[in-house]
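My questions will all concern the structure given below.
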Amino acid sequence: MDMQVAFAGLDLKNPIMTASGTFGYGTEFMPYGKLEELGAIVVKGISLAPRKGNPQPRITETACGMLNAIGLQNIGVEAFLRDKLPQLPWRTTPVIVNLYAQAVEEFAELTDRLATAKGVAGLEVNISCPNVREGGVQFGQDPVLAARVTEAVKKRAGALPVMVKLSPNVTDVTVMARAVADGGADCISCINTLTGMAVDIHSRRPCLANVVGGLSGPAIKPVALRMVHQVVRAVDVPVVGLGGISSAEDVLEFLLVGAHAVQLGTANFVRPDTAFKLVDEVRRLAEEMGISAWEDFRGTLELP
Amino acid sequence: MDMQVAFAGLDLKNPIMTASGTFGYGTEFMPYGKLEELGAIVVKGISLAPRKGNPQPRITETACGMLNAIGLQNIGVEAFLRDKLPQLPWRTTPVIVNLYAQAVEEFAELTDRLATAKGVAGLEVNISCPNVREGGVQFGQDPVLAARVTEAVKKRAGALPVMVKLSPNVTDVTVMARAVADGGADCISCINTLTGMAVDIHSRRPCLANVVGGLSGPAIKPVALRMVHQVVRAVDVPVVGLGGISSAEDVLEFLLVGAHAVQLGTANFVRPDTAFKLVDEVRRLAEEMGISAWEDFRGTLELP
Amino acid sequence: MPEPQCLELRVTSLESPDNDLFYHLSLESPQWQWRPGQFAMLRPTSWRHEPLWARPFSISDQDTNGLHFFFQRMGSGTDLLSQLRPGDVVTVWGPLGNGFTISHTTPTMILAGGMGLAPFMGLIRHHPIPQNLELFFGHRQPLANYPFSEIEDRILAWQVREQGPEDLEKLFRAIEVKIKGYSIDGNLLACGPLPFLRRIQKLALDHNANTQLSLENRMACGVGACLGCTVPTKSGELVQACTQGPVFKADAVDLSGEL
Amino acid sequence: MPEPQCLELRVTSLESPDNDLFYHLSLESPQWQWRPGQFAMLRPTSWRHEPLWARPFSISDQDTNGLHFFFQRMGSGTDLLSQLRPGDVVTVWGPLGNGFTISHTTPTMILAGGMGLAPFMGLIRHHPIPQNLELFFGHRQPLANYPFSEIEDRILAWQVREQGPEDLEKLFRAIEVKIKGYSIDGNLLACGPLPFLRRIQKLALDHNANTQLSLENRMACGVGACLGCTVPTKSGELVQACTQGPVFKADAVDLSGEL
């Protein structure tokens, strides 16, 4: 079958992208497969200046999932563009940069830097960061702020497609989706992690130095699928689904509810060649099911 | 050790309660243990009139969890008081009735009926029901409505302690907690289920006839623990923690973050004697850890 | 009926005629009082939180060698069950449900589709008047995978393997011929997949035959608490298949929808 | 260094000297080029989503019989690993990390705490000049559970069983006596629990001894992507133990905090 999918100015060989923060800078996975066979690579959240992230411990395992509080450790945009991007097969596979900033102006500045960089195919705006300056409210939980960030990035992004990544920690995800769509997002990715916590009854301390962290992995798939389903129906921009995907069946579930593509997150940790194998497995499953093009399958969920 | 715990006018032999909708009317579990050994029994959500609930399929398994869309099937308050309550050991174990209604006046009417019934030790107000008349907004997601329901129930409840059960499907659970505490709740239980969805790629249909359902089980424990941690710090009323509890360690985790008691939900399905065994296991673990009274342990989480 | 129990029982043996799809699982015998059509929930203690639910299986028989189940590998749960080894421990609660109402002196027609054969093994083995039993069996997999030859030795038994859409029609025609006789003074006991039961239900109602259908609804708890296994009755109520069933009179339940 | 690989390997044997806590796991040999101190991530294919992460283990040795690991049962993951049987399939990625920098001609002091012995087995077995190796081994469990007698046959080896708080002090005093000599022209290689490594680090810095410490941080991916296994360097950076380590020079990392 024809695995290609094109949307929001992105042209993908197949609908399998990697999720930000779970695939490093891409280079870490080179021993385990061919990066150019992936639909797209979304790299670790990048900020203007390098960030050290949170103290240890930063990760803990939960039932069918994990919590992380890495705190967006990254080498900063300059080092990324200089040392990492040139190693990626950006000529053949879209490289999408996940943006993290603490204020609207900073998002704008970061966008300026990336919009002129060779080899960047798109931006993913991470508006569910735990610490932001503006009013102490998370960008990802306030539709007005979310729209402002989106506008600021979109204005400076030039030809680069802008994808905005939604947080699931909200009462109504469609409100956020409409806000960022109105703000000019070319595309929406959802979901980021659910805020969670784990404690150790013996030490009487939280398992993460940061106390709370982001829950990801198979445990959250039902929540992710529900939100993608809602967002697809609420806005006209294409949606990229993620949250708990680990198998070809999972990928097709997200496409069935209407996602144009998916991102593979925590599953990359569970086995480093998961993303590469998934491309083949999705092809095989789709062919078995008699799907010849994604348009014939996407969003064909029958509702009662 | 002394397993007793008293709060909000409830006097429990131990902090293990059963969660509404997961322990039937209590009678279903009589073959598997002694109901009088439990801390309290919270029965299936009861409405004024009997309810048939949603069409099949109503349940589906997910990674370390399950989705349900039972739709609050129940025999109605009269049949409950006549046929079920007398079978329960209400003289020795508090029986708490979980209330479900579609409007504030209905909640009040239901409270009237229960406040005069012999054998009811407390009320748990379920404000995260999927279908309510008022403005189409869920009671559990709107602090103003939540407070109004709480006030209405509290006003008619007489001496009965009123526990209000919070939904996790909100941006900020502390806003809801404060609203119901201000509305007069004697106690807060959290969390109810996270809204989720599952689909079948072969039939191209949702796995639940209701399309979406409530996610419960070990998968959601990190979210539940985080919310209990937040609510305990946000309000002065005692908190009952639930969500994904299945072991003695889990129980102690919720007490460590500050819950006065816990409810056991989905774990009752996984093995019908779980609640009974848990009482012993919690006692054993607490003794091993040198805990002699819950006051010495509750809320002793050390934050960095 | 005796109260059900929740026990941890050891696997005494697990055999597969085809080494692939079909399994005969034996557990140490809990010495239960049970009747055909009753079932138990099985959950190996090695399953932590995944899969979450136990799985329901008809009690096929109980003897001094143990408690016996027949199952077919369908998905994740039965897949894991097929990997059990002697000595492994399984949490088991049962006997659950109502079971079939049986009269040994009444001519009884058994209608089984696939693993719907499982609940009838003990009945066939221990029936005091085997001439009163007759089996109609529809199946997809090779006959050797089912304990059919043992049955054939004891009672009159017909079987059709479904390889095309026409094959099952043959079975239903044969049943229809016989059902007339049974509708006068006999009983029908049926177990199998939902489409199979729907056909039997129609035949039963058309011929006004005294028929009991055993359902295989999806179950989480098996004890009547989760309300996940409900089935609509003809009067429009929703009742739990695990406690009010799994056996229902053919004229009592509405099988038209999904279950 | 050769590129790591992700493979599915069969278990060839699993042995436990005490039938309880200690296990020697052998997998079919992937014929890896590896060096002591490198590790692999192990995840049986039977684990579905729980436990979610693979578990890291030092490559203990590789020979024609296979790839060898020693592990101790600690929690859920090692518990499940201890139930593996020959023929079971394990997803394995490795060799990972940097490994120890070894000079065969340099007198080398090995400092191992408990299962910190594991990475040194191959080194000890295959070292061309065994007289250049000396081992100090602290352990809690009975000596018979560790492959100590084999080691003793080849190199000079000291051991102390920690049964009270004083016992380990004896070991550290003995190490301190020897470290002076090694600090002139030798190497120290250490692996063990964090408190053990902290003590060694202090000794090493006090005596300015050329020391390499192998860390056992919690890991999810093993490939440098999750940033869960980071350790602070003396310069205040956070680096991945899985790719920049697990072996670090004693003066390069700050072990004062939690890891």
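In this document, chain identifiers A, B, C and D correspond to the written order of the chains, with residue numbering beginning at 1 in each.
The rule is short, and it goes like this: a contact is a pair of C-beta atoms (placed from the backbone, for glycine too) under 8 Å apart; a residue touches a chain by one contact, two chains touch by 3 or more.
These numbers were taken from a predicted model, which means no experiment stands behind them.
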Chain located farthest away, centre of chain A as origin (C-alpha): C
Contact-richer chain pair [A-D vs A-C]: A-D
Centroid spacing, where centroids are CA-atom means, of chain C and chain D in whole angstrom: 53
Chain A and chain D, separation of their C-alpha mean positions in angstrom: 36
Inter-centroid spacing, chain D versus chain B (mean Cα positions, whole Å): 47
In chain D, residues with contacts to at least two other chains: 49-50
Chain B residues counted as touching two or more neighbouring chains: 62-65, 209, 217-219
Overall pattern in which the protein chains touch one another (line/ring/star/complete/other): complete
Interface residues, chain C side, partner chain B - complex: 3-6, 43, 49-54, 91, 93, 217-218, 220-228, 230-232, 236-238, 243, 257-259
Contact footprint of chain C on chain D as seen in their complex: 46, 48-50, 76, 83
Complex contacts: residues of chain A adjacent to chain C: 63-64
Parts of chain A lying in touch with chain B, wherever the complex brings them together: 62-65, 67, 141, 169-172, 194-199, 201-206, 209, 211-212, 215, 217-223, 225-226, 229, 244, 249, 252-253, 256-257, 289, 300-304
Residues on chain B engaged by chain C in the complex (per definition of touch): 21-24, 28-29, 31-32, 52-53, 55-66, 68, 70, 73, 209, 217-219, 246, 266, 268-273
